[in-house]
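You will see chain A twice below: alongside chain B first, and alongside chain C after that.
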Partner chain A sequence: MKIRGALVVAVAVIGLGVLLGGLRVNPYIYFAGYVVLQYVVIATAWNVLGGYAGYVNFGTPAFFALGAYTSIALLEAFRAPLPVLILCGGLVAGLLGLGIGYLTLRLKGVFFSIATFALSVVLQTLIINWDYVGGAKGYTLIRPPVPFFRSWAVLLFILMVVLAVVTVLVARTIERSWIGRGLAALRDNEEAAECMGVPTLRLKLFATTISGFFLGVAGAPFPYYVTYVEPSSTFDLNYAVNALAMPMIGGTTTWLGPVIGAVLLGTAQQIATVTISSELNLLIVGVVLVLFVVLAPEGLTGLVRKLRRGRA
Partner chain B sequence: MFSWDLVANAVVAGILLGGFYAAVSLGVSLTFGLLDVVNIAHPAFVILGAYAAYVMNSSFGLDPILTGVLFTPLFYLIGAGVYRIYYGSFERRGEESLRGLVFFFGLLFIIEVALSLKYGVDYRMVEAAYIGKSIDLGGVGIAFRLLVPCLVGLAMTLALYLFLSRTFYGRAVMGVSQDQVALRLMGANPVRIKTIAFGLGIAAASLSGALLITISPVVPSTDRDYIGRVFAITVLGGLGSIGGTLVASIILGVAESLMATLFGPSWSLAVSFGILLLALAVRPAGLFGR
Partner chain C sequence: MTTAGALLDIDGVTKRFGGFLALDRVSIQVRPGERLGLIGPNGSGKTTLINCVSGALPTDGGRILFEGRDITQLPAHQRTRLGIVRSFQIPKPFVSMTVLENLGIPLEYAAPARSGDAAVGALDILRMIGLESKAHLRPAGLTQIEMRKLELARAMAARPKLLISDEAMAGLSSAEVDDILTILFRLNEQGITIIMIEHIMRAVMRFSERVVVLDAGNRIAEGTPAEIVRNAAVEKAYLGE
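The block that comes next holds the complex of A and B.
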């Protein structure tokens, strides 16, 4: 697929989203769809660093929550409009990403992952003790009347469709450019890549910043979605596990993997939450994650590739 | 507001807490420090041990620490089993670093969710004669619920130190961490040695879980607080150094206790993770690193 072809598909997906927004279906569809699409953004953003560059980030909740809390601070201070919130949420989380990028100078592999986890807890402690954005009590957002659309659910759903498409397009572009090849080289062997003239530090900084940016973007509309934000649910470990599990299930080396993983696992979770229980659906995520890492380390896209090669 | 009495109490409580933190971190020192297996699920096994103590205590009135000791063989077997799966799926294929990490992260998540499905998210605690008693040493109170876990933690540290330095298997574990090929040439099987060491690590985790529930009530998600603590301690102490683990535990215990007394308990968790980030950024080899 050329760039133009990809753009056509992207516009078609957005059009489909708007069409779905116009239909008079059960509003729950929009709420559930928002969560699934949010996971498409999260999984794709995580994969830019985790899949392409091979640096496993356990701190997804930190970036997501930073996006959400940037929104709250801006709402509290200026009642800033939604597009500004998304941009600023992304930028602040991107800055944090740049910060952890410099961390990669000293910390490789496991140590990097543990440090990102630590970062998430430190940030959560700061937010709990910061009363301006609600502190431990949480923050309640009163939504203004909805502009243009029938309801906030529809607006947020279509917004997430657009964000998901943009994120995937960016990830796809990175993957197919020299940046993607450079990242793949440093994932396989950082020292060798450095010796061959790959600018590893600049590439890593790029990957951590972009990844952080889109994780923040995913979190920025979150206050509008839930209307009540408190630290323990915004910094939930589920985000970290899902951000790992979805690309692992789909396959981490291509942009398609996280999308497939997020749609499958995200939808399964939504269905399980309604029909069984929300605790049990978490158990399913954990078990599926472990099974995939043990049995199909290349994910679904890897399995398909293997089957095709076997037949040919 | 500021009084030296308060500080003295906080320091003593911190040292006692440190002895307990050493117990929690020993397993990670062994598995991560010596075997290079990133067992990030270690805190989940600590909580599992705590719930074992809770169940035996509430239904049979067994002493929590006695239960902890009784359960160690079972957890040793669980640990050995987990390591076999890990070895077969990742280490043998040479893909241990990333996927192994994800494997243990998933394991942690499964244990946590399974516990909250079975026992709910209420705080669970145990009862024993010594919990709630304390002695007073010139204005400084020493609570037995802290003193007993601290003593057990010190005993565990000493036992592990003697095991690693005096026994055949202990020395073999040290050997695995240095040179696996050389160990194989000496006629020992590294996989078997690692299985034993990993089993011991998980057994230590379960026993420290019994200590944990003696100190304070436990919920399934308590394990998250300890991920930072145990890795902060093992990194700060220097990977694989048992003495370093003890020193780092006491440093962390005192720092947290002072922070909680002076600024309020909601900040104390940030101490461990702050120390971890600082240690990783400034001196990844730790205080007593190789």
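The block that comes next holds the complex of A and C.
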């Protein structure tokens, strides 16, 4: 029953996306919408590991870029179609996720975060020196004529609507299952969770793999979006900061938190980019994040919960 | 040397931390339904031994058998599922969950293999332990004694055959100690074997049928509480020459 309700909402959101795609508005709306939705995917994927399991991943750019560069490699080699790129980008990044899952055996807390950050730097260095995917000078994608839709902007926008909906559905399903409850237990206290029968290693590997998969999925269509991919913007620190800030602002313990955070912060950044300056993005994130950490450490969803409890 | 029919058979277990020998070929057998006290001065290896039995630490030698099965290589969560459950010296509740949800984790992850209805189970356990009225509170709203009770209740929810209680009473008042003792006696009556690690001698001596004494990683004595109190080696370990 509850699952059916969620599916109805999911289909409605996708329908709304298609409807928006049909409107003849300024194409910039679709480009901006793509970025916001991409952040819904990223924040939700990050939160499966960072929020549910409590392992803070600073290496988001590594996973995102791995998705993007897997696409480039497959485009170069086979001219692979977009759905294949998304699936493969996710799988490759998921494998990397499985790898960092084993890191959790030895690294906890801030040391895990540092290791994932280092991973991002290492991977960027590798990509810079790999000429097949463009290396340091970048890769230019010449987009074929757009299938089915009016423009690539509309197609990519609707694609991202679908990806965001799927990611959120998966995260919500995990959160409400025995896996989600086990992850919450190990987030609260890993040793106690293990002693209460929770297979902590297996759950952590699951979380890192799923998280990595969807971060890769977010990055896979990126070459089509920008058409010119180069390492420094693909491994941008922005992804690491936003992936962490958005769930923090929305609230990390439920699926809704990252969605709210991504929509609010993502939209604010897009508006600021157009109206004020593109450099202001990180400043906004920084200020908002500090405010939330101090005033509402459980995010917006936590704040609402607290207010409701206070009134009851 | 192993004894047939032992529930838990710790057979020559050794544990080193670098150059420090924390456990030196320690052997202890625990019979089904027994109340065993494990005592020893600070740093004697009690908690290390418990960590080896529960699977939190790998051993460097020896074997551990549970119901005749070698569990030396099993990860901790699988030992819990077999029925070896421990409580922690410093309570480690799941802070983001209510008391009831805390019990839900072992009920979901450890117990289903053996027991029937899970949802009813949690409230029954809370009722028995006396935490029923706090079922919907978060652990942050509990007092010290309630926290200890939660620790025991959560261990109970894993449906243990062997419960290892690691200093469940440290820092409690004497009335509160009696409170916890009553609970442990009742669990034992239900057929649960209990190993009690404790510094409060009055409690250990009253509770245990048999007491094992560790000192500097060695088993130095074993016997009934009355025998242990008279044992010269134990006196030396605690008080010096």
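As a convention for this text, the second predicted complex is superposed on the first by the 311 of 312 C-alpha atoms of A that agree within 3 Å, B and C clash if a C-alpha of one lies under 4 Å from a C-alpha of the other, contacts with A are read in each partner's own complex, and residues count from 1 in each chain.
Just so we're on the same page, a contact is a pair of C-beta atoms (placed from the backbone, for glycine too) under 8 Å apart; a residue touches a chain by one contact, two chains touch by 3 or more.
For clarity, every value in this text was computed on a predicted model and none was experimentally measured.
Return first, second, both or neither, reflecting whether A:A136 touches chain B, chain C, both chains, or no partner chain.
A:A136: touches chain B, not chain C.
Now for A:V35: first (chain B), second (chain C), both, or neither, which partner does it touch?
neither
In the overlaid three-chain picture, which partner chain does A:A184 touch, first (chain B) or second (chain C), both, or neither?
second
So in the superposed three-chain picture, is A:L95 touching just chain B, just chain C, both, or none of them (first/second/both/neither)?
After superposing on A, A:L95 lies clear of both chain B and chain C.
So in the superposed three-chain picture, is A:L237 touching just chain B, just chain C, both, or none of them (first/second/both/neither)?
A:L237 contacts chain B only, not chain C.
Of chain B and chain C, which one touches more of chain A's residues?
The larger set of chain A residues in touch belongs to B.
With the two structures laid over each other on chain A, which partner does A:I14 touch: chain B (first), chain C (second), both, or neither?
In the superposition, A:I14 contacts neither chain B nor chain C.
Across the two complexes, what residues of chain A are contacted by chain B and by chain C?
Shared contact residues on chain A (touching chain B in one complex, chain C in the other): none at all.
Under the touch definition given earlier, write down the residues of chain A that touch chain C in their complex.
178, 181-182, 184-185, 187-189, 191-201, 253
Would you tell me which residues of chain A are touching chain B in their complex?
Chain A residues touching chain B: 54, 56, 58, 103, 106-107, 109-111, 113-115, 117-119, 121-122, 125-126, 128-129, 136, 237, 240-241, 244-245, 248, 279-280, 282-283, 285-287, 289-290, 293-294, 297.
Using the touch definition up top, name the residues of chain C that touch chain A in the complex.
My answer: residues 54-56, 75-78, 80-81, 85-86, 88, 92-97, 101, 104-106, 108-111, 154, 157-158.
Please name which positions on chain B make contact with chain A in the complex.
38, 40, 85, 89, 95, 97-99, 101-103, 105-107, 109-110, 113-114, 116-117, 221, 224-225, 227-228, 231-232, 235, 266-267, 269-270, 273-274, 276-277, 280-281, 284
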